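To keep things clear, I will list the structure first and then write my remarks on it.
To keep things simple, chains are lettered A, B, C and D as they appear, and every chain counts its residues starting from 1.
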Amino acid sequence: MTQIDIHKGAEAESPYVPKMARILSAEQMTETERFFRIEMEEAPLAYQPGQFVGVTVFGVGEAPISICSSPTQGDAFELTVRSVGLVTNKLKEFGEGDRLGIRGPFGNTFPYEEMKGKDVLFVAGGLGLAPTRSLIRYVLDNRGDYHKVTILVGARDPSLLLFRDELEAWTGRDDVETLVTVDRPDKAWSGNVGVITRLFAKIQLDAAATYAVIVGPPVMFKFTVLEALAEGVPENRIICSLERHMKCGVGKCGHCQIRGVYVCREGPVFTYEQVKRLREGI
Amino acid sequence: MLPQVLKRNDLAAWVEALMADRTVAGPVLKETNVSDPSDEKFEWTVLEDAGDLRLDYNLTVLGPKSFLWPPRQQLVAYRLDDGPDPQPLIEHEPTVLLGVHPCDATAIATLDTAFGKDIPDPHYLARRADTAIVGLDCAAPCHESSFCLDMGSLYPDSGFDVMLTPMGEVIFVEAATDLGRALVKSAAVRPATKDDMEARQKFAEEKRSNFHYKLPYELKYLPEVLEQSYDSLVWEAIARRCFSCGSCNTTCPTCYCWDVTDDIADDLSGGVRTRRYDSCQLDTFAEVAGGENFREERSSRLRHRMFRKGKYILEQTGRVGCVGCGRCERACVAKISIKDTYVQIAGTR
Amino acid sequence: MADKPTLAFFSLACCEGCQLQVLAANEKLLPILERADIVRFREASDGDADHYNVTFLEGSIVTEHDIERAKAIRAKTDVLVALGACATIGGVNVIKNFQESDDVAEYVYGDKKDWFPHIPTRPLKAEVQVDVEIHGCPINTCEFLEVAKCLLMGKPYRQPNYPVCVPCKLAGNVCLWHKGVPCLGVVTRAGCEPFLCPSAGHKCIGCRGLVDNPNTEAAADVMAEFGLTVEEVFREFSLFQGIYDDVAKMK
Amino acid sequence: MAEATKSMNVRVDYVTRVEGHGNIVAKVEDGQLVDTKFEVTESPRFFEAMLRGRSWKDAMFLVTRICGICACGHGTASLRATEDAMGLEISEQTERLRKIVLHAEQLESHWLHCYFLVAPDFFGAPSVIPMAKTHTDVVLRAMRLKGLSHEICEVLVGRHTHPISMVPGGYMKLPSVRGLKKLRDRIASFEADVLATVDLFATLTPPAFARETEYESITHPDEYAFFQGDLMTSDGDRVEEHDYRRIIHESIVQHSSAKHVRNKRESLMVGALARFNNNHAQLGCQAKEAADKLGLSAPEFNPFHNNTAQIVESVHCYYDLLRLMDELIEAGIQDEKPPLQWPEGRSGEGVGIVEVPRGTLVHHYEYDEHGIVTGANLVIPTNQNLANIEADFRAYIPQLLDEGKSEDEVRHALEMLVRAYDPCISCSTHLVEVQFE
């Protein structure tokens, strides 16, 4: 049984007070996704790939957002926000110099240490590229530590593709295989067409030596996992990042629970093996 | 400290003494039933008059929990200009909760663990640390919905500073902590005599014989019984009647899920981030942007509550997630009973 | 001055109690008046304008003329807020829809019934687009202020989507069902705190309409177990919620 | 006479600062008034018809929705009618509680009307909103006073619009003595504001105009009647409640969805001035002093003095409220329960008449043996005044024309006259004679 020291806890700092941060730059990436580069006003954010922060727009509310940059990129950090509701729509109006509240970082991290020396396969659908990019950048910045790196990216149509410049840069690299596909091409699109699982046919996988990092909407996740399993990637090396309703980020408010697991603390990164056991995971 | 006794007639004086230093909350008469005036309803409230305290109370809708963990609690205040300067709002005042039944004391111990573990929550803990808990032992079940004996909350090991046992003309007073011993100092107590001790013993025996087990298995098997029922059709059958009104959660002494809103001050100069009780039975509890709802079905929400109470909280904190007080059953207009559900699932797969 | 958003208040068929709840905000209105111009509030003021940023429209539609007025007002405003039960769900005015229309008029105006033509009662959204709903009969001043603040801050207002039981329990009320009084709180949208009917001792009569996903079947079942006849159940629901199919079906 | 007034067409659509929708029409040709009307364009709401089929428990919840300002008055009249039909006697405690709520409502309504709706005319402001800047102390006082009534209603019946706790036979929730004591002290703290209100209105002079009419109200031997009593008029008629139709004769006119009412003359007047004219001797001493200060003495035939009478009544109600509170506190609150069942097998009619801010309000129901309403008749104060307002127009317009007033001035004066009556047009439910067989 956990022993609790009430009096010590009473003196603790409140985990619910945001710290002030300033937007260094902001850019509308697609119609609904906005990219921010942010700097904490006091101590820099100490985070690792896979974690997320709570972003406060004062007077409006807070939303959990994955950090899409890698700590290797310096003190500032980056977010990609899709406008869907109260906070995220308001963020559309935010730009350089505007101030936000930030809590966190929260959550566990991608197992980037454990993955060293292994092949890494990234599969990112839609907004799933945001959290994935954090690890991609980390791996690319420590390229020597990892074996083969493959990046598969899918979007519904070309206008929804995130980080297009970076996708191009990665495509141009010899030490990374990058494939991009869209479900519905437009006239200018000359690349792959079709759901992301179709890209599996185009790559060589050493399944036993691979970590597959799969992040995307629930349907995409479901089928990509099946594909990876079919290729022979072990369940405990299929890594995903889950989204849940969250209010506190510190394992109290109860919203993010999947069965007995608090996604905000024990996740958002899980192996497929864990998710499968949870049953309500996907 | 040796057990002591307080004459019933001296109780009010003690309560007044406590009221001089601290906010004292306890059970008082709330109202009588419109359909049956002999049916008294009680509530936990801050005492304005020591004479209002009713040690013979039976049930309350909300327990003493709301003094430690108020239905609405302000967390952070900020301004709505260029310098929001967010500041924590941590409010507490010396308080005594007087007359906490064993089930509620057990529940408080569970809440302490939930809010204190990992990353501590000072908004709860600061109130908790400033609150003395005076327990009140019960001689018989409050209601047919209670199953505190099964849930192991009838004999709490912690969650109180003093335990009172009313026995006729005297009240047996046992201080369990330093704070408790300090509180008792202002009471006109005398050391318990051999007769008092015997009376106490008799009370305990009678108490034991008044309570009966209601589950057909021991508490330690509950998590497994639940796990085996995960795919049972029973959830669907029970949930058909569920209104998703959340009354079960809002009244539960161990529920602690919450929602947060940013409330703008009336003069629009600032805002306050406020949390309020939330309920996993409400439609939108697990809904995320884009409309995906991870527990869309009433049955999956109902199952989640029953699992959380009987399994998850226990696994997370090592303390029971349900103290068997029966509040949720009584609060439920559809008469959905956690006790009956736990009985029912033992016989299903 | 010109940059301030303009607000207007209008009413159709109703008791105008909702506008009174706005006035009841008293000094809390002052910060809003500083940031916005009320250009039309007939109950308190003379004056008008050609265009409004936000219009609060109370009352339900009971005549052809009401439809025209609602449309004309809609055309002049950016944001239309339905103020109160009459506007959001038709209010008590819907009760007459369950009687023969001719009989209703004749009962009240006798052989002069044709002087006062009327149509079946309907809420605003049946005829015009409504952007924000403030439920309640009457509305709750706190909620009005909340909506006004949200509008001024450019923040969408999200109405509660859970039943009255939630705030009722948080207020520590003994459930009326347990006192022998059937209460509609179990399926009625919350948001009336701190003026909950059960907190004042009486059943919820459903003035804020149904929550989005009400279990009306369970409600009817529970009421039946409680000893209410189908007719009585309908009578309970139809005081305010007659506009919903779930309820109309019971008739 | 000024050329401009030779002929005019005064039309005021939607008179502002009154409750509900009403239009003034006045046609002047060659300096002669040819036609004038006060149109009530409020959409008809058919409350009497809607009452049919409602249960005795819910009738009050329906009729309070007739008017947001007089919700407690409608509620009280409705409960009295239902209790009459049930043969229920209410306790002294219930009666006191009901009277307190009625008083609180008079206060709220009178203050709202005088400060928010009438005062702007005297201060030359289009509304109370700009007055917040020019006469801040007056507006803040008005808000404080208005807030007081809300506080009283919140403690006693849950809220002012629409009351919750009161039901046939009593209360679903009673206030505590402790709560009443707090409230009493709170009310007592408003005395200075009440007196300042008298002083303020003593400085305002109503327009000079007088027309004698028949003044109708209830009257009671023991008190200045609001809650119960016989129906009477200044012309000497007096009947008990059930016979209200011997004084109140209703008719339908095409330009008004609200019905007109008369007794022996072409029209009659109800409201504060009518009550004052009929019952002034029973006012409390503070109210009598206020009347002196305000220059009001019975009989008063200037309808603009309805506002003055409202201020006098507010003083009466304020002090009477304190008295009633003291009596309640003294007696302690008894845990009385209202009946939850309709009396077995009983059917029949019930009438409840109360004085609401705008005048005499009648609720008349017929119940079947299950406690379901089978017929209803409501007489709304504003309706009773409509014919009188038109009669005033006919007398006042020629006077204004004689005084050489311009079209705008006439329009403004007529609007002020309408406002003086404090018409609550949303109340105009109205109805025709319904014969209960």
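To be clear about the criterion, a residue touches a chain if its C-beta (ideal position, glycine included) is under 8 Å from a C-beta of that chain, and two chains touch if they have at least 3 such contacts.
For clarity, every value in this text was computed on a predicted model and none was experimentally measured.
Chemist: Give the chain pair, either A-C or C-D, that is connected by more C-beta contacts.
Modeler: Most contacts of the two pairs: C-D.
Chemist: What is the chain whose Cα centroid lies farthest from the Cα centroid of chain C?
Modeler: Most distant chain from chain C: A.
Chemist: Taking the mean of each chain's Cα atoms, which chain ends up nearest the overall Cα mean?
Modeler: Ranked by how close its C-alpha centre lies to the overall one, first comes C.
Chemist: Roughly how many whole angstrom separate the Cα centroids of chain C and chain D?
Modeler: Distance between chain centres: 25 Å.
Chemist: What whole-number Å value describes the gap between the mean CA coordinates of chain A and chain C?
Modeler: 43
Chemist: Averaged over CA atoms, how far is the centre of chain B from the centre of chain D? Could you give it in whole Å?
Modeler: Here the centre of chain D sits 50 Å away from the centre of chain B.
Chemist: Whole-Å distance, chain B centre to chain C centre, using C-alpha means?
Modeler: Each chain's C-alpha centroid was found; their separation is 37 Å.
Chemist: Out of chain A, which residues touch more than one other chain, so two or more?
Modeler: Residues 59-60 of chain A touch two or more partner chains.
Chemist: Could you pull out the residues of chain B that touch at least 2 other chains?
Modeler: 31, 34-35, 264
Chemist: Spell out, as numbers or ranges, the residues of chain C touching 2 or more other chains.
Modeler: 153, 180-181
Chemist: So which chains end up touching which?
Modeler: Every pair of chains meeting the touch criterion: A-B, A-C, B-C, B-D, C-D.
Chemist: What residues of chain A sit close enough to touch chain C in their complex?
Modeler: 59-60, 86, 89-90
Chemist: Going by the contact rule at the top, pick out the chain B residues touching chain C in the complex.
Modeler: The contact residues of chain B facing chain C are 30-31, 33-36, 41, 43-44, 60-62, 66, 71-72, 240-247, 250-251, 264, 266-268, 276-277, 279, 282-284, 298, 330-331, 333-334.
Chemist: What residues of chain A sit close enough to touch chain B in their complex?
Modeler: 1-2, 4-18, 20, 56, 58-62, 82, 84-85, 88, 99, 101, 218, 243-245, 247-248, 250-255, 257-260, 265, 279-280
Chemist: Taking the touch rule as given, give the residues of chain C at its contact with chain D in the complex, in rising order.
Modeler: Per the stated touch rule, the residues are 11-21, 23-24, 26-27, 30, 33, 38, 41-47, 59, 62-63, 65-66, 91-93, 95-96, 98-99, 103-105, 107-110, 112, 115-116, 118, 137-138, 180-181, 195, 197, 199-202, 205, 232, 235, 239.
Chemist: Can you name the residues of chain B that touch chain A in the complex?
Modeler: 75-76, 78-80, 82, 84, 86-88, 90, 92, 112-123, 125-126, 128-130, 230, 256-262, 264, 271, 273, 275, 278, 280, 285-290, 292, 294-295, 300, 304, 307-308, 311-312, 315-319
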